[in-house]
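Just below is one structure, and these are the notes that go with it.
The letters A, B and C name the chains in turn, as written, and every chain counts its residues from 1.
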């Protein structure tokens, strides 16, 4: 196999991994802090894409859509947490799982009622849509380069927020020991609320970023959801560096698999998960004991 | 499969029972699973129609539903079938084969359908076909599959109005072989439909001396094809075939365009879908060519009449799959009217070998396997002048004289002997 | 979570309704049997009744895992699917004998659970769930690719419609009602065996493991093996249910092995209520009935299903049967 093909393959793998990273970050932060297995995450990703389609149809601006999608889905997340998830705290983790599963069905159907089952055309803005020539024989879309850089920036912002701000400190403390944080006089409900909103906003952002690449239709989040669970678990539940590393890793692995045995491309992530969990029971960066 | 044959035989004997006692009594016996019906003759005739309304093929399925409904309405307006009104009973299969099987069973046992149509995707229609064969109910299949008219699955109850992958690829492959370069690459959806498309294209290409420079199989429902492209670009093909369907086609075309593949090679979709083209937008599909069974701007009187009737009712032109449903249901119901009674064997006698033109030009029911012979049209995607005006018909490949079909020997179970599921030869 | 016997024992039975619930809790197998004998005559059509008891049986098997042992599995599609494929393949290729086919299906369900359980059983919680999911998906992939054996994406077709061989004569089971009672026979059989198992000392250990694993271990029980055993029993029942499902449809779809099936059985079990014999059947009944009725009325039936799930979680967190039990206990408590 040509070396240039492998280099290109790594690039596509990286861009593939970026959507995993964004979605897994959202899932993981919600997992880690709220111990909520959010089954509606895929539907939120889908709503992000639809808000994008809606905004672009009305205003014609991709950049506005890029702001509106996370904002809209984030606000929706705040509402969901306040009225649906909060009554379930203190119960078994199966209940939020079941609830968000039901929520996902409703969200998909609502979208179907308003937008129909058809796909919605959505293109990258013109300055990002031309293919860049690489090594003479290949092209690489500018939009994917943008996707990689933009996700990197988001990760950096999130890292700064969690590691360098006071609120971030409280959130990190909350993942370790919510009881202790509460004892220090901090309203954990407010923190959980906020974190669910941030997680949802990340899903919305992933949705709008995926819209120019993939088809936009009501069930677009269903398959994505399971893949993201897998990424989150491989990285370790609740671990943000884990989500980033695992997301990129799986992007690369599934991209390289298409070279060797392409039929396995979908299933290889499960294989990786099985191996990781058998060797390292709590994922690459996970803490033992969490969510067991 | 001796037992299997036995099940079939049972259905036939029930049907011949129909012949002697007449429609009313027979239908009462069928409805008797649930409750005894009186005044059967005035009761509507129920036509079952399982479709994957939810799931990735929802768009195409909705058009199938509208097409089937249009045919039913037209038949009803002309007095129905054997004096009875026809009622279309639609069920959602969610694109799961076992769900399709369950739904078909429910339609037969509970709703008491006496005819069946519908289904999209090979797996779903094969599952429905199994149930129809067991119950002895005529089934008009309206989606592309090779198996349904092959050994094992084909039966006297089974009808296939749609093109099958073989016909499509013989037409498209031959046309591409004539008009484009010789280096072919296949991006194949990894299931029976995709395999059959690729096999058919290879076979069609042989006559033109094509060079198979590679094939990549992708899992069904792949959402990101980018990682398949470097290898394809490195193989430097003249033509890239996207042997897939629905969202897979949409995604692969959209992403291939963004990777600048069109600058280096011609993209061909053997089954070029209007629904995917509308969903992906003009830019993504521009210049993509492929085959279809029907396009609404066709210059054929029946096609124009169908398009007008469909448009008046639904506010949009029909896609190819709406055409299959419309044509198939018209044939099924019309066939029963011509047969004079509602039973599988008279229906087979009425349809086999029949030449007809419902919506797309001349078609013919081949007696040996109940496959519909028809033309294939070659399309090219273009920027629309008005809404829905997305393709240009650039060629017509005639299907006459079984040119695109496999021989009756090929589809049969015994080597060297033609299959005979029908009554006539 | 308490067992149902203990819950009922706490309150003296009061009115007629209480007495019914008390009866159901004391003699679940008898009551379920009697109920399901009448059942096909009251549902809209017999095929629905058959589907409900098959999925109920599957949920019962799943419940051994989730309700009685506290293991959240996300890969039960594997055992159900393996059972279904086994029956189909045996009938097509080996021997057209219904008893043999179903025995093989049950055995293969148990065997698959034994192998996969060996690899997953040491993990707990969400990690266990996702490991089971991973292996189930690998099986799905295997079945998808092994076209010669399974039919691949097109599904396993042409499963012969075999009669039921009994000593001396055979019974044709193509009639929906006869087939229903055949399935019911296996359901009752599974219920009786399961009841024996749960009332045995092993059942008590199971409960101990669910409630407090470290403590059970410190009492000297090899808890991993106990969980593994429960997992195998669960796999066997799921395999049997899968075999019956294949027999019922004469067809096995590749989706039977897909994770969506695992999700569905989890939902059914939670909807009905965990840790009882009745719950799974109620869950299966409500789920399939709603799906059937709603999907005939509207294309957007999932919206109602979703709403019902959310309402159930918010207001009936113990599932339908669990909530009924709670309600009865509360009123009994007041009277007492």
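Operating definition for what follows: contacts are C-beta pairs under 8 Å (C-beta built on N, C-alpha and C of every residue); 3 or more make two chains touch, one makes a residue touch a chain.
In this text, all values refer to a predicted model and were calculated from it rather than measured experimentally.
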| item | value |
| --- | --- |
| Topology of the chain contact graph, where touching chains are joined (line, ring, star, complete, other) | complete |
| Most contacted chain pair (by C-beta pair count) | A-B |
| Intercentroid distance (Cα basis), chain C paired with chain A, Å | 33 |
| Centre-to-centre distance between chain C and chain B (centres being mean Cα positions), rounded to whole Å | 37 |
| Overlap residues in chain B, where contacts from two or more other chains coincide | 53-54 |
| Multi-partner residues of chain A (at least 2 other chains) | 112, 263, 266-267 |
| Touching two or more other chains - residue numbers and ranges from chain C | 302 |
| For the chain B and chain A complex, residues of the former touching the latter | 53-56, 58-59, 62, 190, 216-219, 221-224, 226-231, 233-234, 236, 247, 250-251, 254-255, 258-261, 263, 275-276, 278-284 |
| Footprint of chain B on chain C - complex, ascending | 44-48, 51, 92, 96, 144, 147, 152-155, 157-158, 160-162, 174, 176, 245, 249-256, 260, 292, 295-296, 299, 301-302 |
| Interfacial residue positions of chain C with respect to chain A in the complex | 72, 119, 122-127, 130-131, 133-135, 137-138, 140-141, 145, 259, 263, 267, 270, 300, 302-303, 305-310, 312-314, 317 |
| List of chain A residues in touch with chain B within their complex | 2, 4-5, 8-9, 12-13, 15-16, 112, 116-124, 129, 131, 133, 137-141, 143-144, 212-215, 217-220, 223-224, 254-255, 258-259, 262-263, 265-267 |
| Touching residues (chain side chain A, partner chain C) in the complex | 37, 84, 87-88, 91, 93-95, 98-99, 101-106, 108-110, 112-113, 226, 229-230, 233, 237, 263-264, 266-267, 270-271, 273-274, 277-278, 281-282, 291-292 |
